[in-house]
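The letters A, B, C, D, E and F name the chains in turn, as written, and every chain counts its residues from 1.
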Amino acid sequence: MKKIEAIIKPHKLDDVKEALHAVGVAGLTAYEVKGFGRQKGHTEIYRGAEYTVDFVPKMKIEVVVDDALAAAVEDAIVEAARSGKIGDGKVFTYDCDAAVRIRTGERGPDAL
Amino acid sequence: MKKIEAIIKPHKLDDVKEALHAVGVAGLTAYEVKGFGRQKGHTEIYRGAEYTVDFVPKMKIEVVVDDALAAAVEDAIVEAARSGKIGDGKVFTYDCDAAVRIRTGERGPDAL
Amino acid sequence: MKKIEAIIKPHKLDDVKEALHAVGVAGLTAYEVKGFGRQKGHTEIYRGAEYTVDFVPKMKIEVVVDDALAAAVEDAIVEAARSGKIGDGKVFTYDCDAAVRIRTGERGPDAL
Amino acid sequence: MDLQIALDTVWVLVAGMLVFFMNLGFGLVESGFARSKNTVNIISKNFVVFAVASIAFFVVGWGLMFGDGNGLLGLKGLFMLGGADNSPAVGDAYSGVYSAISWTGVPLMAKFFFQLAFAATAATIVSGAVAERIKYGSFIVFSFLLVAFVYPVIGHWIWGGGWLAELGFWDFAGSTVVHSTGAWAALAGVLVLGPRIGKFGKDGRARAIPGHNMTSAMTGAFILWLGWFGFNPGSTMAADPGAISHIVVTTSMAAAAGALAATATAWKILGKPDLGMTINGALGGLVGITAGCAFVSVGSAIIIGAIAGVIIVLGVMLLDRLKIDDPVGALAVHGMGGIFGTLAVGLFAQEAIAPGTTGDGLLFGGGLGLLGAQALGVLAVGAAVFGVSLALWLAIKATMGVRVSEEEELEGLDIGEHGNRAYPDFVQTETVA
Amino acid sequence: MDLQIALDTVWVLVAGMLVFFMNLGFGLVESGFARSKNTVNIISKNFVVFAVASIAFFVVGWGLMFGDGNGLLGLKGLFMLGGADNSPAVGDAYSGVYSAISWTGVPLMAKFFFQLAFAATAATIVSGAVAERIKYGSFIVFSFLLVAFVYPVIGHWIWGGGWLAELGFWDFAGSTVVHSTGAWAALAGVLVLGPRIGKFGKDGRARAIPGHNMTSAMTGAFILWLGWFGFNPGSTMAADPGAISHIVVTTSMAAAAGALAATATAWKILGKPDLGMTINGALGGLVGITAGCAFVSVGSAIIIGAIAGVIIVLGVMLLDRLKIDDPVGALAVHGMGGIFGTLAVGLFAQEAIAPGTTGDGLLFGGGLGLLGAQALGVLAVGAAVFGVSLALWLAIKATMGVRVSEEEELEGLDIGEHGNRAYPDFVQTETVA
Amino acid sequence: MDLQIALDTVWVLVAGMLVFFMNLGFGLVESGFARSKNTVNIISKNFVVFAVASIAFFVVGWGLMFGDGNGLLGLKGLFMLGGADNSPAVGDAYSGVYSAISWTGVPLMAKFFFQLAFAATAATIVSGAVAERIKYGSFIVFSFLLVAFVYPVIGHWIWGGGWLAELGFWDFAGSTVVHSTGAWAALAGVLVLGPRIGKFGKDGRARAIPGHNMTSAMTGAFILWLGWFGFNPGSTMAADPGAISHIVVTTSMAAAAGALAATATAWKILGKPDLGMTINGALGGLVGITAGCAFVSVGSAIIIGAIAGVIIVLGVMLLDRLKIDDPVGALAVHGMGGIFGTLAVGLFAQEAIAPGTTGDGLLFGGGLGLLGAQALGVLAVGAAVFGVSLALWLAIKATMGVRVSEEEELEGLDIGEHGNRAYPDFVQTETVA
């Protein structure tokens, strides 16, 4: 199995979720992260003092899939998350050794 | 070493932590995530308009352990986190190449 | 490519970010986590009842880099995050199979 | 005699303070009903709007409203409260240029303070409806113009001895003068601005954009309810024990009935007792009773409040259908509630309750005369305020612009307009767009 | 004369507004002391309860409490304030059916408004104790019954010329009438409901379930303290300068002493100055002084407040031991505080402070008579309210159910009961179960 | 006659309640401007400080301030309001030991309550400036000493018939007595404590440490504005209709002007309309008008407020440059605002507005006399309060310590000092250090 992690713009989450659903992904996990990269943060002001916020809010998505599906998932994410503006994010792929569904104890691709 | 990631129901965190402690895990890391899967979200109402919340709150746990401990950890999590109801979550296992304890610089299993 | 994950004390985030920047890292992702380990939590009181908070707030950093940079990144984090006190955290290293930059579709180390 | 003046003054000032405090109520309801990324912007608007209104009403608003003039506007003592005035003298003893408000025996400054608090309310109503997309500077300019010119002219028609008052139009505490005026000005702004990004889905259906803080909304609603105990009974501008006691009770019972009716309606239609609707319903009941609080019985007040509560729920849902995006329900509460409340005087007023004022309404055998005058006032004020406001909003749009950029709207107005965040220590998420 | 009426009316109305505002205070303390997943539910309860109480007290509560009748309940002018009444006439000049409250020279509507605000308080107290597990609809039904029937009957016994008043029982502003009544009704509900999931560990020991918003709790506590300046001095129902000044000071000093004593006690016992205890202590001081505020000296008020503060800390901890789960400390504050405050009249009252009322208490040489009457009242009210409330709760349980499902409780009542969330833009976590 | 007393009493008590309510305003502004990890500590300080002040002022503060004595301090009736006093008698009819405040015809308890609320304000001001690093216990001790001894002695000089009053120094409602006193005491504390960890970067430049809750800050600011309607017009301590109406308007217009001027200044200098500055500006306008509210025209009030608003913005930035770390801007608002407001009396006062008091100020042809007296008062109070406070802070530091450990400061004072967290259900992050 493969684990695919994507860092995307927060307001793209719904689109990505739907795109993944469309290619047959049954489950995924998401969470708020702060990103640092080419897309710069911004300057804030607080009671007269300026300060720079380097991190921008991003959403991270994780989905574990069968090897066969990995490429399609990658592509689906890239397409759904792209706005063409800096900061659209990244997709990373990793090996996943084992998966278990807690409820049933099913293992491997069946657990997904 | 192995990294074991589990997505569980939030109120199971304490039980899982204790189960892991029991099998000899000395440290772990947890955080709030949103899960999408077979367990459906719910419909909310807001000032007359309905909307669907697809994501349900989950807790994610990460623990890096010596290869020898991996199977026991997996089992401990599955057992402690199971309620038998849909949405109990998953356990995923990955390879971990290296570990360092920042405080001492110890490396490998000693760092855990 | 390698993925390096570090769990550090929250107020070290800026220092670590700068150290990574210095060794040539262009992007990273960070988020709040709760850590359980040798560093003990604390006891809180609430309207007369005591309770133990086992988890301490930590910051987790993820950075994917070219294999060549991995060792330098590890070292940079360890150095910047170290206070010498218990709970300084860990650095873990994993293999990363693939990376894509969503905006451009660039793949591999170019995507970083 | 002197003691009467002192007591009336204490009452009017305390009531004015309560109305002033409504600014906090509006600020909390409106920001609570919006997203956290726009909180600094909304509370900035609601904080600064009272300051802007203070200057606008002082400089020229008061004079236009209460200065002696013709049926349309005040012409004497226009600027900076500068006209002759021997308040607290009343009746024949009064000599000055603000005769339209010489019936109350309190000092000029007490009159000004109380009326200022009302004027500011009209502007605050606008704030909520245009929230989450309007430029801060543009809102400030519009608020100034509204309180300096639009509100006082309408006020003159009704409370300044103008043509509507002459025609037998009654609006005791301002269902029309304050609430409808604010709502019509807001409606023009909402139409010029267009809906927020994400409010209407690709299928054209309204999507919920949940407010970020129901604790704020509830707090604001209670503060508004409290403030209305200044708004309505204070409009006696005298410590008349019978009248103020009666009005406190009609006001509160209408709010209670509005809250319950809205809760029940939402429960029935939506399947759940939606808190936002309960709150809007209470406010709708309050707006609804504002015109008639001194003229109707407690029983009628309960009925008026309950009908207003139902109207507000249906109104919020109707506006969603019409693709009119009002993040806080201000158009339903102050607009529909204000119109209904004004008409309700024509239905429920009773000669016996405030002898020598409205006479009996339709349901108490008074015929259609009063109702007709009320309807005429509703139409005239609606047409005038909406028309002029539309022109003002369009002029502002053409000159300084009225809506923030798409990028800024997505990121939130707090960073873009103010460089601040409301809650920097908390990890946040986005429910919608 | 007329001016006296006007001034008394202004005072009573302003005091009533402050008591009304206490609803916000309770809403904030109670929701602040509970978890974020139940916030919409709690603030909905606290918002709607005043509306429910308004209708209940108007429809029949007022008549049962103040209508002429026998020692047990009012029988005349029962419905909708409909009895004869020529208020503000007083004494021999009064003719009407609400003679028990004809001693105050304000219009009937002012009396109603002030008393309504009190009645609603009793229901609000219940809200906190049953929080985080009660069905919304069931709470509404119980609140209606409490304010329509239970509270007014108790009120009749003590303030409506009933049997306890006859016996020489004194409760100036309602330590028993309002606070204990609310607490006994709450205790019955708490027992019928059982503790929240997770409150008591497998070992049977109480676990802390921290409240989600200490800012809310502090805000609510200050609003309550402010509201008590209406509650206690307003209970004169007349602008008697000496009495109201005295009562403002006894009230405030008791709150201060309660806050300090509770802080010190918590610091001593728990090792830290727990904010929740400081807040509960201040409220305990306020409840404690409510019965005696007009009858005791400032020095005694400080002592009463301090003792109440200590009692509240020990009381909260004791209830945890007894496995009685009250998420906000309402049973300790209003129950134990109310009982102690009522008894304190029997100890600290001084003839010289309010001549012709209580006479001297035990510590000032007055013997055991007063204390005995006070104790009798405490017992009678406790037995009656607890018994009837238990029956009502059990009836509600048998018919519509009283507690939400386990699943709903774990997920939070906000989604389950209301389909809303209080803070959707924030990432949340769970401290306990 | 009696009715006059009753009306005055109602007015003074209501005004006192509003001033009491300012404690909540301060608590919300101060905690909103600080980080979430220190919220419990700040709101605990602000909650308990009124309780501490109540005891301190009752035990000895009142006597030192208003007891008959010499030009420096009161000597009679020192303890627990225990001196002879036949209030509400005034003038020749008065016999007692508190003659300095015998000009107002309200009962002693009303005087005490109103003055207590003022005394507590001075202590509350300190709370914000020393926030995020002070030990809870040490703050309590300092507050007690401030209200028991320092504040009353200064108060005696100016309002207790002391030497500054003799010299023709005028401070109607306390720009100096309350606000500057609080600020000087705070400055001493700030210097003894040193800046928060992380406030000044390695380069020595000030870093922003954003406050955690702008909703709290805005709420607090509106509550303070409301409270000032008690603070300033209430200082008449009589329901004089002309005076109180005038003062309500000067107070409110100065706040409005302060808010607008600060917003514009921030917008100009910083490029954005920083909400924190808008809020500080409004408060600066209020502090600025406090000394002169009864002595200046409405037009002058607007000018005073506007200047104060500008001063506050520049002052906050200046203190950052001077490496003086005041998390909430209290030194600028209450210190600089208080000094300016006191001097403004010397510039803008007009004999015609309050005949027989200040006479004309410099700008109205009155010469330098008044301005000189004002300047002298500013210097004398500054030197005395700063000096004594410094000694007290150093003594506290030497005995019980004044600052929490570095580790505790980094983790937050809530856990360390109280064992509580303010918002346990929310995932939190750290912006700075």
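Throughout what follows, a contact is a pair of C-beta atoms (placed from the backbone, for glycine too) under 8 Å apart; a residue touches a chain by one contact, two chains touch by 3 or more.
Keep in mind that what you see is a predicted model, and the values were worked out from it rather than measured.
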| item | value |
| --- | --- |
| Chain D reached from chain C - shortest hop count over touching chains | 2 |
| Contact-richer chain pair [B-E vs B-D] | B-D |
| Gap in Å, rounded to a whole number, between the CA centres of chain F and chain B | 52 |
| Rounded Å distance between chain A and chain B, as computed from the means of their C-alpha atoms | 18 |
| Multi-partner residues of chain E (at least 2 other chains) | 3, 7, 10, 14, 210-211, 213, 219, 270-272, 274, 276, 418-421, 423, 426-431 |
| Junction residues of chain B, two or more chains touched | 31-32, 34, 44-46, 50, 94-95 |
| Touch-based graph of the chains, sorted into line, ring, star, complete or other | other |
| Contact pairs between chains, per stated definition | A-B, A-C, A-D, A-F, B-C, B-D, B-E, C-E, C-F, D-E, D-F, E-F |
| Interface residues, chain D side, partner chain A - complex | 410, 415, 418-421, 427-430, 433 |
| Touch list for chain D against partner chain B, complex | 33, 206-211, 266, 270-272, 274, 276-277, 280, 313, 316-317, 320, 329, 429, 431-432 |
| Chain F residues within the chain E interface of the complex | 3, 5-10, 13-14, 16-17, 20-21, 23-24, 27-28, 31, 39-40, 43-44, 46-48, 50-52, 54-55, 58, 80-81, 88, 106-110, 112-113, 116, 136, 213, 216, 219, 417-427 |
| Chain E - residues contacting chain F, complex | 3-4, 7, 10-11, 14, 18, 35-37, 210-215, 218-219, 221-223, 225-226, 229, 233, 239-242, 244-246, 248-249, 252-253, 255-257, 259-260, 263, 270-276, 278-279, 282, 298-299, 302, 423, 426-431 |
| Contact footprint of chain C on chain A as seen in their complex | 2, 6-8, 31-38, 54-55, 58, 60, 74, 77-78, 81-95 |
